[in-house]
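You will see chain A twice below: alongside chain B first, and alongside chain C after that.
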Partner chain A sequence: MAETSLYMRMLPPMSRWILQGGADALSAAARAWPAGLSSEACRARGQGELHALWLGPEEFLLLAPPDHEPRALREALAGMPHSLVDVSHRQVAFEVCGPDCALLLSAACPLDLDAAHFPVGMCTRTVFGKADIVLWRTRADAFHVEVWRSFLPYCTELLAEQVQN
Partner chain B sequence: MSTHRTQTGGRIDRTRKVSFRFDGRTYTGQVGDTLASALLANGVHLTARSFKYHRPRGILAAGSEEPNALVAVWRDAARYTPNLRATQVEIYEGLQAGSQNRWPALGFDIGRINDALSRFFPAGFYYKTFMWPRRAWKSLYEPMIRRAAGIGIAPTLPDPDRYAQRYAHCEVLIVGAGPAGIAAALAAAKGGGRVLLCDEQSELGGSLLSETRAQIDGQSAAQWLAQALAELAANPRVTLLSRTTAFGYFPHNLVGLVQRVSEHRETALPGQIRERLWQVRAQQVVLATGAIERPLVFPGNDRPGVMLADAARTYLNRYGVRAGTRAVLVTADDTAYQSALELAAAGVAIAAIVDVRDQPGAQQLAAAHSAGIEIFAAGTVLGTRGALRLRAARIGQRDATGAVHFRRSVVCDLLLMSGGFTPSVHLFSQSRGKLEWSEELQAFVPGAAAEATRCAGACRGVFGLSRVLEDGAALFAAQHYEVSEDGPTPGAGWLGTLPQPVDADVGKAFVDFQHDVSLKDILLATREGFHSIEHIKRFTTTGMATDQGKTSNLNALAIAAQRLQKPPVEVGLTTFRMPFTPTTFGSFAGASRGELFDPVRRTPTHEWAEARGAVFEPVSLWMRARYFPQEGEDMHLCVKRECLAVRSACGLFDASTLGKIEIVGPDAAEFLNRLYVNNWSNLAVGRCRYGILCRDDGFIYDDGVIARLAPDRFHVTTTTGGAARVLAMMEDYRQTEWTDLAVWLTSTTEQWAVIAVQGPRARRVVETVVQGADLSAAALPHMALTRGYVSCEDAPQIPAMVFRVSFTGELGFEINVPAGYGRAVWDQVFEAGQAHGIVPYGTETMHVLRAEKGYIIVGQDTDGTVTPDDAGLAWAIGKTKPDFVGKRSLQRPSMNDAIRKQLVGLFCLSCTAPLEEGAQIVDSRGQSVPMKLIGHVTSSYDSAVLGKPIALALIAGGRARIGQRLFVPMPGGEIEVEVTSPVFYDEKGVRLNG
Partner chain C sequence: MLLIDCPYCGNRPEIEFTYGGQAHIARPTQPADYDDHQWTEFLYLRDNQRGLRAERWRHSHGCGRFFNALRDTTTDRFHGTYKVGEPRP
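What follows is the complex of A and B.
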């Protein structure tokens, strides 16, 4: 793992929501959210800086620039049973980049991160060591990692340990 | 170069010498040697003392099946590894190794007295001799057994090396890189999938590494191997791992591998990785694990110089070492003739071949005759001579009636034995694959697989180089391999003991070398009435050593089966367990040590608290400030000061670690109604209520304040430690039981920093920080919430939720702000509080303050057997609700028994220091042991505001005992206590409403 281009960087603050609801609410949300919501499991959809990550059949993680107010989404969902909860501060994000990024994450993530099995655009809840994370492949050589804020030091130290390895 | 080393040949680097130390003596070997081959090259056979009898033992094998030559290897005091097989230790310049289980020296061993007394150490001696007198166990027998029975010494210093871990995925994992494994890899790689090929040895190649005669497709075995490995290495989809042991086969084709990364290197670099644990998830697993040659059982078969025939061939062909100068071969198998002939060609005198069979193979006989070797057909070995090294073998023969006669004593320093080959089915068996008994091979072979597992080559009983190569390839695509000079293939060989006269010393005929189990022990077990190998194994400990009976299991089984006159399958085969060979703890721990052992979660104010000298305590994964000592304060003084400050002015507390769950949806109230014991339908928006969550058995599981933010939105708080399990329980009910409810859950624990301001002056502090909210008692009464904002330099409008709640009994507010602003708002509150005597306090003070009010802590005052009523919280139960989790259980008569343990308070009458938490309580003085215990102390503190110690306790029928005097028996005498209400301070609760 002598690749010098392997690196980890913190991503800037973001607005985040957990959107949950039944089929009706989610299809209404898909129309109101710029890039729509993926109907395929474990896939992210995005347009510009707005992204929606499929986390479960009734659950999406929405990402947007700081202070973004999803007015259109709220209006589309009004009156429909759903849950939209602000988690902007619950978690933070970092990116692991470089040709060997999948190998690096494989030190503590049990999923198959080969590009054929975890292609660009795929996202899922998983673990990194003993921390729960959301893992999202944004490029062939980059993963976006969402982690609850108090688990960040653990994740970065564990990554640093693996870089030495 | 020693006379034991050949002039040419082998895979060692003859240009590079290596000097190493064994038992304090310096020896020389070559790069490429194992410790075993290097010692043999120096004429050293004696490498160990045996486990029970301290008998001198030598090197039996050349691979990981070695049962005898267990050594310790060390670089320094911390890098000390016991119990390594000398056959797997690669030597490097300066290697230090030593024998084990001997004192004071390998050649002169005091423990050898055990050998002389061996008739007192029969099988099952653990269970028999030492049972009486019982008292002698602790003082006499156990220490004696422990001292006598140990193998190796564990290092005492922390391991300075690092251990890496990796998850890997592949389409095909091949275990074993012998001819079958390599042929399988070549064929599998053509399919384009990811192929991972691993082998425990330092080089890939398996038996090809010691093959000097056979030609594969016109090339020497070595050339063919080099070419095949080059082809595989050039394929980016193929991963080749040498020095990598597949130690465990787990469900769903997960195979654990340990790769030895730096153990063989001369220099230990600081922070180096010693080993890497691979957890490989494979679509298909191919086991090409080969076969292990079986020793023969005869008296004296454990003397140094007695060796497996194939091992001697490996030492010769791969390491260029003659394991002796004059050898006798005792065999039940044609293949061993080849070993003898190759050794003869290399200059080892073959004094005799003893063939156990009546009719040795004609071709082998002819070849041996033409080499001038004397052959004893229907032969046997009656014993060996020598002390620390073999000097002679006593050869016998059976006559036509089967009677055994002594023929001759043959001088030799090497006795080669071959009882045939046992397919190595360990991993297949670990995968829960069924084993089948092969009559033809007289061995277990893989039958129906339980996983996507296929076996190739010798591990499934296919022998002979061309057949093995083709067997490996055929798993993926049939291929023909042209092999010339393919030797004979092994047959059934010989199982059990060699023919002996009736008076043979069966106690010296070893079956399990590592555990010192002899023929006599197994016969004793059958005489004692054991009929199943599972019982025989436990009685004799055969097959239970660290080698798991790799060389002994079949012989033990056969001896028992013959004696019981049953077919071996009826006596059974013991289960193979992981690990295949001993595996370090370090590889399992990986990075999980020190700081990375577990995530350490810190709150937004952690650095602030640290800078103020806070003492922290772990609460689940969180680090929480326990108290904030000032100059000269111990915990007691500090907590006293913090408590009084909260009661008299105001205190500041970080409550961010409380679990928080946002429950949203039109059915949110109904969802909470079904879960918590309380009624939620009548909770108004903007109000809070203390909730209790039971398990379905009716016992308290968690508690916390729940706020209604909107008709369809609740903010639930949980205990710090209960956050994850409460959310999991809620999701479980939501997704599996109550799919009719439109409600969704989101953890918001880390979304909010929670800053608690408690005390009579709390409002004045919070008012100056939170704007846009009316905090007056009228607008925001106890158990209400409001929203406002806090202005900071960088963020003009930080949204804040303010809950008027109290876990202290004082006027209290909890300010919730998005966690990223937690520190900034905290600083403002602290600043604003300066004018009001604000004091930061920690969890210890929080515990005291809540105990003064009789507020429970789930897990401290409850233990999973406490109902809401036991805890004095029956008032919280929504009596009119049709159901809630635990309701049915709470209706059982026993759950309402008047003598259930109930939460009460205790005042100490005869002590000045707090009672001990966990102390038992009795109702009269002077009881004799066993006393009648009626309860125990759950919480106990010094109360600063009351000026005396207080305690909470769970006592049988406690509420009816209020006013009674009870006793706490302690080592120093009985302490008299008075039972009180659990609410010690401000019983009417007026301070809350300040």
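What follows is the complex of A and C.
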């Protein structure tokens, strides 16, 4: 592994929620979620192992260690119109690392993944081949990819095929 | 690749988007007062103009939001996008 310049690894299980709500609910949630919520489009914010990924103007993907219970968040949102759905088992995550990771993902992802246009901390929902993914640049040479569970074999086989090319 | 300027995410590739039909069609405020002819017009009849047209688009593989776009139907060129609820520029 140490010799390869490019590798992919599955990330350990984690808790995930999709938070949706209006401006009032999101500002309350930003105070209750330790990592806060990004007000800038397509940006992730994190603190320790807690992360919040901006997916849309009223939608965030929250990531946390397994069995994390967002009690403070639920209390802060009580009585406000919002939706907080546990999607921990709907999707899985893998990481693509190495100096050429952007080049490899570009084979099936139509976005410009150059660091100038897709800097560290940027995240977005997009497509990988025909699969819908959430792409998040965690380091200059690493991308975190969230994909729906049933699309995982498709994504990994497509990646393997691109490596051979 | 054709880029579409999502009002929330910026310039993004066309394949992330879904076409949503003609824009600025208001739902009747008093549906019970509509007769069959008016319902037919509301549900089925759309303009089929040549040139600049206001359309709904959805950034389905992105932020998931609907927005409106001005597109030229002869050249497929996008002349601008704006959020739902904003007047046509």
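Just so we're on the same page, the second predicted complex is superposed on the first by the 162 of 165 C-alpha atoms of A that agree within 3 Å, B and C clash if a C-alpha of one lies under 4 Å from a C-alpha of the other, contacts with A are read in each partner's own complex, and residues count from 1 in each chain.
One rule holds in what follows: contacts are C-beta pairs under 8 Å (C-beta built on N, C-alpha and C of every residue); 3 or more make two chains touch, one makes a residue touch a chain.
As the structure is a computational prediction, the values presented were derived from the model and not from experiment.
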{"item": "Most chain A residues touched (candidates chain B, chain C)", "value": "B"}
{"item": "Partner chain(s) touched by A:C42 [first = chain B, second = chain C, both, neither]", "value": "second"}
{"item": "Which of chain B and chain C A:A108 touches, first, second, both or neither", "value": "first"}
{"item": "First (chain B), second (chain C), both or neither touched by A:I18", "value": "first"}
{"item": "Chain B versus chain C as contact partner of A:T156, first or second or both or neither", "value": "neither"}
{"item": "A:V127 touches, of chain B and chain C: first, second, both or neither?", "value": "second"}
{"item": "Which superposed partner A:Q91 touches (first chain B, second chain C, both, neither)", "value": "first"}
{"item": "Touching both chain B and chain C, residues of chain A", "value": "59, 110-111"}
{"item": "For the chain B and chain A complex, residues of the former touching the latter", "value": "162, 164-169, 194, 271, 273, 276, 279, 281, 591-592, 595-596, 598-603, 621-622, 662, 664-666, 742-752, 818-821"}
{"item": "Chain C to chain A touching residues, read off their complex", "value": "1, 8-10, 12-13, 15-16, 61-65"}
{"item": "Touching residues on chain A, where the partner in the complex is chain B", "value": "13, 18, 20-22, 58-59, 81-91, 103, 106-112, 114, 117, 129-131, 148-151, 153-154, 157-158, 161-162, 164-165"}
{"item": "Contacting residues of chain A [partner chain C, same complex]", "value": "41-42, 55-57, 59, 110-111, 124-127, 132"}
